[in-house]
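What follows is a set of notes on a single structure, which appears directly below.
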Amino acid sequence: MSQSQTPAPALDSTKLKELKEKLITACHILDHEGVTDGYGHVSVRVPGADAFITIANVSPGNVTSDRLIMQDLDGNYLGGAKTPPNEWPIHACILKARPDVMAVSHTHSKWSTIFSVLPVKLKPMHHYGKFLSADGPPVYQGIGLVRTVERGNDLAKALGDGPVVLMRAHGDAVVGASVEQVIERTTRLAMLGEWNHLALLHGQPRYLTDEELKVYNEDQRFPMRGWEYYVSRLKKRME
Amino acid sequence: MSQSQTPAPALDSTKLKELKEKLITACHILDHEGVTDGYGHVSVRVPGADAFITIANVSPGNVTSDRLIMQDLDGNYLGGAKTPPNEWPIHACILKARPDVMAVSHTHSKWSTIFSVLPVKLKPMHHYGKFLSADGPPVYQGIGLVRTVERGNDLAKALGDGPVVLMRAHGDAVVGASVEQVIERTTRLAMLGEWNHLALLHGQPRYLTDEELKVYNEDQRFPMRGWEYYVSRLKKRME
Amino acid sequence: MSQSQTPAPALDSTKLKELKEKLITACHILDHEGVTDGYGHVSVRVPGADAFITIANVSPGNVTSDRLIMQDLDGNYLGGAKTPPNEWPIHACILKARPDVMAVSHTHSKWSTIFSVLPVKLKPMHHYGKFLSADGPPVYQGIGLVRTVERGNDLAKALGDGPVVLMRAHGDAVVGASVEQVIERTTRLAMLGEWNHLALLHGQPRYLTDEELKVYNEDQRFPMRGWEYYVSRLKKRME
Amino acid sequence: MSQSQTPAPALDSTKLKELKEKLITACHILDHEGVTDGYGHVSVRVPGADAFITIANVSPGNVTSDRLIMQDLDGNYLGGAKTPPNEWPIHACILKARPDVMAVSHTHSKWSTIFSVLPVKLKPMHHYGKFLSADGPPVYQGIGLVRTVERGNDLAKALGDGPVVLMRAHGDAVVGASVEQVIERTTRLAMLGEWNHLALLHGQPRYLTDEELKVYNEDQRFPMRGWEYYVSRLKKRME
């Protein structure tokens, strides 16, 4: 794969300015919506290159442009903040294994954590979950921070070609075709986790079947307003 | 019905100014109270005409006067923002079927969604639920967005002559004799959903019977302060 | 009782200024802490007189000095806002039956409502509940708003000589020796309701016995900081 | 132990300035994060002396530098606000029994209270709980405020050499090697309490074993960002 890629532009080049701003906004949204606390990170692939940008040892809610770092998919330093985040292999290994993925988030989401240690599964019961399969996301069982390429590859394997993998006693990793989609999915996953929890207390919920999910997924005019909405909430807070 | 109606005034006429402002406030309230997230809409019938005003492809919390649209009850464009909301038939079909209804809300309320996929029902257990019948609202089982008149009519049929219909894996539709009443009902429905959920975890709640609901409904001096209260909360936030 | 009392001073006399301000603060606290929504009221006895002050047809969170009303314990108008609140008999009848009581609150508290319709009881399981008896408050079963002296007397009877009565499908009434104590109790009751709810989901909680409650009640140096704390929270919001 | 210690510097000496500011910030964090309400306190050992600083009869969220008090480990007054907090023995007795401990918090945490009265235990199910043992913290069963050295010693005995002791019908005490660590642990404990509660409703959670906890504890590069993060949240509120 690497051969067909061009080298990444410099992290401070104007080509990457918009992408970096979007990444920072994405991190702030996850913090503001209560999905992340002091931990977690979002990454974005540098278009056309075997490289990605993420945040380095800072809480997502506090990230600023000088805390971004660029690495290649083997974890080599390409620019920005000097110290790579401990769990850079989450991003590098998933982006390497999944050329269709442009952005990855990793959070310690309360709801993902809870379903990661339970015998019951988190399944779509609202059309917000149409990006999931009817039987819900798999759970990565590994223990310890994902700080090696070996663990990163195990996690990518557990993710498979799906949108989400829960991580036992840890949280989740969510992927998407854009930063916006990853934020839409990460926030929806947390919402669905809560709704699954609530409904499961009253009996067997009527989940959406694969066929029913297909109806929603085939509807191309389905509005994707998560990004726009969460950006507006962030702005209202800062006013 | 159409024959006896006068044509709707222009959307920007002063006749509709107050109604439009009320509609915008209603949308902002549902967002501020956490009943809607990035989706959902409120509509209001244009008095004396076969037409209604709603919001076009914008989050309820972000709506401004230039994002309003006026349509007739068949969905024909009458003014305002160019693109009708995807689910305009929710409003058009209910307003056509129910001449007594002046306003409609559609939300993805967490609590409506949960009760829409469960074997247990959301029933009145506080006098805030006096607008419901003792056995609670029906559930529309249709899958897919309500983007056709056929589906809209199915939904209106499931609503019947009641105040509320839950929508499986989707949310709810609530109707009222005014924008204010729809907001009062929509917020109360969410509150009652939560309270039903909480109480049901501890055994069989003692619900209000139809006779007991009648006692509250016959009390004409019962104060309706929901609108006034929620408007004041909205203002406090914006101070 | 009435014979031994002096007439109430005028509602706008300087004698009542501080008491009125305290009453307004009390209402704002209940709103800010989420115990009341658009409904409910707090009342305070006029010292040495068969009279009380409460709020007239306004949400507790929105009350201002021109929305206060003074009535005697039979509900006769003594000054202030022209229209008595619908449920003035809650206050008048309790204050008449309980000379030891100086202030009363009535709320539609979520937690009181829930325990009002359940077979399980809300009991003290934290020393915050030391003002309750070990078997928790009784439930008034009456249906309909408490708008008559007959209903008010029934409610006062259900309260007995206790600090709290839950009201089925409606909320609660809480009494105290001062406005501050009523606020402390009303907020603690809501907190204990939530904690009872949570604990009960995991088995039989170990409640405090009457003897254990006595240990806390005999400790005269027990700090009562509820009022001071909630006032400070109110001020922080308004900064 | 006392013989080898030097006397404490004056409470208003510049040597203690930074420590006092940190203590105040710690209290404000616990209030802002909703772990404490009007009650509770944090204390810090005066480095190298048999003395500690805590807050005197004020809500943690309202503490200012003139409400700090310094005492020795027998409770003798050494400076600052005149009245010692009622429960000073919590701090004095634990600091005396545990020379490794530099800071102590005592809160009425909702989640600690709930698990203090239940047959089920609060156990680590996320790596945030790596400071706990696999079977979770013990529960001190004493009734009444901890206002005597005898009770303080009983509490210290129940704590043993662990990081946390729950206090029946009361809350918890948490210790650490620094103010920062105590805040990290106290906030994590509340978070884990909630997560335990949620997960336990759906069956037996898969907890972390002692061996798995060891994996996380041996990872010395594990980031401790709790303090930094909560300070930033406090600042955002005050902006």
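The first chain written gets the first letter, and so on, giving A, B, C and D; residue counts start at 1 in each chain.
To be clear about the criterion, a contact is a pair of C-beta atoms (placed from the backbone, for glycine too) under 8 Å apart; a residue touches a chain by one contact, two chains touch by 3 or more.
Everything numeric here is computed off the predicted structure, so don't read it as measured data.
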{"item": "Chains touching both chain A and chain B", "value": "none"}
{"item": "Same-residue or different-residue interface between chain B and chain C, half as cut-off", "value": "different"}
{"item": "Interchain centroid distance [CA atoms averaged], chain B/chain C, Å", "value": "34"}
{"item": "Whole-Å separation of chain centres (CA-atom averages), chain A against chain C", "value": "48"}
{"item": "Of all residues in chain A, the ones touching two or more other chains", "value": "201"}
{"item": "Of chain A, residues touching chain B in the complex", "value": "124-128, 191, 194-195, 198-199, 201-208, 212, 215-216, 219, 221-223, 225-226, 228-230, 232-233"}
{"item": "Complex contacts: residues of chain B adjacent to chain A", "value": "37-39, 57-59, 61-62, 86, 108, 110, 113-114, 117-120, 143-145, 147, 168-170, 197, 200-201"}
